[in-house]
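Chain IDs A, B, C and D follow the sequence of writing; residue 1 opens each chain.
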């Protein structure tokens, strides 16, 4: 989902491992498994949305998106973690090769959705990171669930790791601006920009809170 | 997949039950389950195709199609079976509300595909009808597998009945002509037309056999 | 895109005209034309996004959505306008049977996109409504372009009316909350809720302005 | 649509020009134009199908497929034509970078469809090759229309070359077998195999003729 301004990881040294990675990531069987995983999780989310929307008499999920992490982005992350750029490391060290994002209107909806996801008996919750209660230093807010999703073929079942991000539209907006702006930061000015972005993150939390209060007021009417 | 020339089932008497059926068949949860089932089976078929195509060094599956049976068609079939036109009867008495069709080049591929489908541990085979070895009176040829496919949500697993038709392109062609022509038959001429169609079915079997022999000859080279 | 809580237009009196409308709106040729129009406009928007993203070195369009107006919603709007509920009135009096929405990060992007759309020689601009410079009383903000899009078939060219809404994510968020909440308003409390929503609209404009300033500052670095 | 058994064109000498080609063929603007062209032609074909199906009271078009020619396949064709492997040559010398295929039941339907396509005022017919009246030496049968399709953006209109193949299911079947088998031919045995395939082509023509006669008989009833 990111628009690459500079692929600063694609130095001469990394060119060949990244090419190998790209080749393995475009293997038809690998892609089929990933698409299958996405389609399985999306279906559950649609069903969850149907149930919640009926219960609360309003549309709960506003948007479901997914992306497969691109080779350059995998290489950058592995390098940052001090790992070699290989397909095996990508699969073992990274949780977000398959990323699915759910966007909703209100911050309490985030937890309603997460709670339903965690009740899917065949999904295994690996980790939960609540960046809403504890935002990242940058100001980033979202609820992350790392999940293992089972896929069957013949007698076998394989597990597929995914990262599910659940957030409000306002958090999604902030992440979009951050994502765009962070590519332009230079060391000198970055302190100032970072402070600004963090302030806006606080404004956004505030707005989410106000919107939630408004909704609750209206629901009581 | 059929093009309706006359919806001879939609008499005045049946109008209201068909409307009720149409309403229930367009329920979002029902549609979500059916689409989910189709997508699950199609994924397995794609994976089967990948494995077989690698093993035999040629593309095995030529086409995968699906259709949800339309209300009029359900009503016609229930009436023919002497059942009342209700959603419950549709679900309990009909195996082919969800129909998936796989088309391949050669008649031995039909059995290769079927054998792989039957090896899917979580699919339950309900019935197998081999209309290739024993064509229908009309001349119709295909291998039909009636299957129960499990879908999970939270703690529950529900079974979804499907009819999987596996056939060669030549058989698919005959079925297309039959499907078109049978709507025009009138009682007087029907005997003659039926005989013609049956003859063409024999010609088609013959062609399938010749193509298979040609392939085997070529494979030996 | 709206989630219907009460279909208050579907009174007994309106049931038959709405059924007729539904029938005409599901005519295959009508649907084909509408889908074709949507696909034509989306393609132009994707190409516009490609050109702008290259020029400004960042992803400009965040989301493109479309919807065909539902029969109930058409009926409600025609009734509000004092028109009879007919297919002909729907086509002649309503501009937004086909609605396409473009969402971007910053408020100046709205005008960049609009300017490119207006340069498409074969699109005819019927009306432009700038609810960003002049928000609606409710607080609603967006730029609306009413356009006629030509479709060819054989010797003929027919014009297809669409409403194109261009807005920032923040404006889109406000519209989502408004859309949800307006269904719950009751006369007594509505004054208060309306005032709240309007205030939030001002907050949102403010945030858009701050984000734009931040971007401009960063771009100068 | 072909399954590559041996990519005999990818010799060491050709590796770099093919890589360059692959890069240019995956340019987002190029892909957008090609997808747009396909979507425009498919829409016309769907509308043609709607009109013809109404006129003849049966479904005319059975299948619409498309493919973008793969880099290896482009390289092979350019080499065969004695041209260098460049993007410019691919665009100027090849008519079938975008290929669209329409499959119907009966051989007279081929000409009904072609006649409607030729009546599209904005499509420009470049060449028509009737391999049904004059099959290729191999036995291949189809009607090919080479067309230029106009695409607009801002003030400009660019022409997009496509190859439209129209054939019956039986012809499509033959082409599928030929396509598979021709990869396995070796010089010694090839004479015999070619003769077989040609014979089967004659059988298929015969069957198409019989099916057409059957339909005509039935239509008179």
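Throughout what follows, a contact is a pair of C-beta atoms (placed from the backbone, for glycine too) under 8 Å apart; a residue touches a chain by one contact, two chains touch by 3 or more.
Keep in mind that what you see is a predicted model, and the values were worked out from it rather than measured.
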Subject >> Over-half contact-pair match to A-B, picked out of the listed pairs C-D, B-D or A-C >> reply: C-D
Original post:
Given the two chain pairs C-D and A-C, which is bridged by the higher number of C-beta pairs in contact?
Top reply: A-C
Original post:
What is the distance in Å between the mean C-alpha positions of chain C and chain D?
Top reply: 39
Original post:
So how far apart, in whole Å, are chain A and chain C when each is placed at the average of its C-alpha atoms?
Top reply: 28
**OP:** Could you check chain C for residues that touch two or more other chains and list them?
**Re:** none
Original post:
What does chain D use to touch chain B in their complex?
Top reply: 3, 5, 53, 57-59, 62-63, 105, 169-170, 172-173, 176-177, 180-181, 183-186, 188-189, 193, 196-197, 200, 203-204, 207, 210-211, 214-215, 217-219, 221
Original post:
Once bound in the complex, which stretches of chain A touch chain B?
Top reply: 28-29, 32, 35-36, 39-40, 43-44, 46-47, 50, 116, 119-122, 152-155
